[in-house]
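Sharing a structure here in structure tokens format.
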Amino acid sequence: MDLSQLNPAEQAHMSKIIEKKQMQDFLRMYSNLVERCFTACCNDFTSKALSSKEETCVMNCTDKFLKHSERVGARFAEQNAEMMNNPGK
Amino acid sequence: MSFLGGARNGVAPGTINQERVEMAVQELDMVTDVFNRLVSACHAKCISTRYAEGDLNKGESVCIDRCVFKFFEVNKKVGEKLQAMGANAAASGTFGGGH
Amino acid sequence: MDLSQLNPAEQAHMSKIIEKKQMQDFLRMYSNLVERCFTACCNDFTSKALSSKEETCVMNCTDKFLKHSERVGARFAEQNAEMMNNPGK
Amino acid sequence: MSFLGGARNGVAPGTINQERVEMAVQELDMVTDVFNRLVSACHAKCISTRYAEGDLNKGESVCIDRCVFKFFEVNKKVGEKLQAMGANAAASGTFGGGH
Amino acid sequence: MDLSQLNPAEQAHMSKIIEKKQMQDFLRMYSNLVERCFTACCNDFTSKALSSKEETCVMNCTDKFLKHSERVGARFAEQNAEMMNNPGK
Amino acid sequence: MSFLGGARNGVAPGTINQERVEMAVQELDMVTDVFNRLVSACHAKCISTRYAEGDLNKGESVCIDRCVFKFFEVNKKVGEKLQAMGANAAASGTFGGGH
């Protein structure tokens, strides 16, 4: 996104909006992560306690998802930058 | 869910503080989002989709109770992990650690 | 959520917002329920009429989903209340 | 979809009644939501994902027509059930039956 | 939806809102289509290039999805019109 | 993503043009939506759900890089197709080709 096309007053307004959205996005990512790791790791409902195997799985799932997102984000930024420079290609 | 706590005090009674109301709305949206995911996740884990009858049978009921508890446990573990990573990131300056 | 941290004017404003959201949530639950029970129960498209077997399935699916949501809601409220009282645990 | 009908009358022409506009927007959002679910549900039921060709074949076309009809039937049945339960709940005071 | 229950000022306001929503809906349909066709067609990650087989699949998937949506839309409109005329049935 | 480009010029500096800000917000929402779908699609393609360890292994890392690239290629192809169809539709007047 090219914010330079907005004037300073608009940019100030936008950065407030962006800050709010980042909070929302973080919260949504959090609940999505809980759902995803719960679904992948918890399959035994003969007990309500989280088994140590389930807990390890949840920790690895969280860890891996965040690293995955980070890597996707880095590639995404590169591709976006490339598209800006070579819009025709 | 503890992420949103703590930060609200210093009230001017009688007038509407837009900031505070928006924060409450955001918290409400998040609780609704979590609840919907919980309903859907435990439905997938506990409810047979043959639908031979409309009532929850004993096995399904017990499964739901345990499922909700476990989901909260997972929520807690993931939250702790995120907070630990956020604290690390803030300390090392990886994320926008300013606020 | 702890609405007691809002002043009376804010609480009045919030309850209007909450009322609107409840309508939206109800409508979303309704269309989600239709999609879910349609997907689970309708698998024969050699005819456009709902067979009596499909209809029974849809009614049971609706019934069961609502009872499921209600039970999840009850446990959710209990857990939330517990978390408020023992935030450290 | 009949849930939203009926309640709008007593108009002051020329000025914008925010309440009425919001209601119309909410109805539009719901119709869009239902339509998107319908598209997705019938795609899952009728369209082969091998994608050997770009046109709908005869079998897929007929399936779509029946699928949309059936989805509406299910929509009607679920709506009736919810209304019946809502009426019961209002009578017995289980839900917030006041409004 | 029956916009005739709104007065002219409200209808003008609504059509602006509807126009904005149509843009959003189009963009959401676009990204949904990308996700859907990517998921259905791309299964080989030994190379980053889109193979000609994958490309054909993506083109057919896009084509078919749009034709599917169009047909669903036509039936949806008929059913809605019918429901307006026979609300009791 | 080129759909939203080009249309913004003729600026009155210092005041907030609601139209332009809304457009930027819409673009931000779309980029977020695309990113979330990308994360989810490549997770499904590349990440084993056994979760035996928390780090990305070599195979997963390479898969992610190719997956993101391929997703962009698909995005481009679908976009071109939609533009071609939109142009056709505008010429033949099928869609509301007026604006």
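So that you can tell them apart, the chains are marked A, B, C, D, E and F in the order they are listed, and the count of residues begins at 1 in each.
The working rule: a contact is a pair of C-beta atoms (placed from the backbone, for glycine too) under 8 Å apart; a residue touches a chain by one contact, two chains touch by 3 or more.
Note that this is a predicted model, so its numbers are computed, not measured.
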Subunit D reached from subunit C - shortest hop count over touching chains: 1
Fewest touching-chain hops separating subunit B from subunit C: 1
Most widely separated chain from subunit B, with each centre as the mean of CA atoms: E
Farthest chain (mean CA position) relative to subunit A: D
Superposing rotation of subunit B relative to subunit F, computed on C-alpha atoms, to nearest 5°: 120
Between subunit A and subunit D, centroid-to-centroid distance (C-alpha), Å: 31
Cα-centroid distance, subunit B relative to subunit D, in whole angstrom: 28
Junction residues of subunit A - those touching two or more other chains: 41, 59, 62-63
For subunit D, residues contacting two or more additional chains: 46, 65, 69
Complete ring sequence of chains beginning with subunit B, oriented so that subunit C follows: B, C, D, E, F, A
Subunit C partner contacts - residues on subunit B that touch it in the complex: 1-2, 5, 8-9, 11-17, 20-21, 24-25, 27-29, 31-32, 35, 38-39, 42-43, 46-47, 49, 51-56, 60-61, 64-65, 68-69, 72
For the subunit C and subunit B complex, residues of the former touching the latter: 1, 3, 5-10, 13-14, 17-18, 21, 25, 40-41, 56-57, 59-65, 67-69, 71-73, 75-76, 79-80, 83, 87
Partner subunit F, residues of subunit E touching it in the complex: 20, 23-24, 27-28, 30-35, 37-39, 41-43, 45-50, 54-55, 58-59, 62-63, 66
Sites on subunit F touched by subunit E in the complex: 3, 22, 26, 29-30, 33-34, 37, 40-41, 44-46, 62-63, 65-67, 69-71, 73-75, 77-79, 81-82, 85
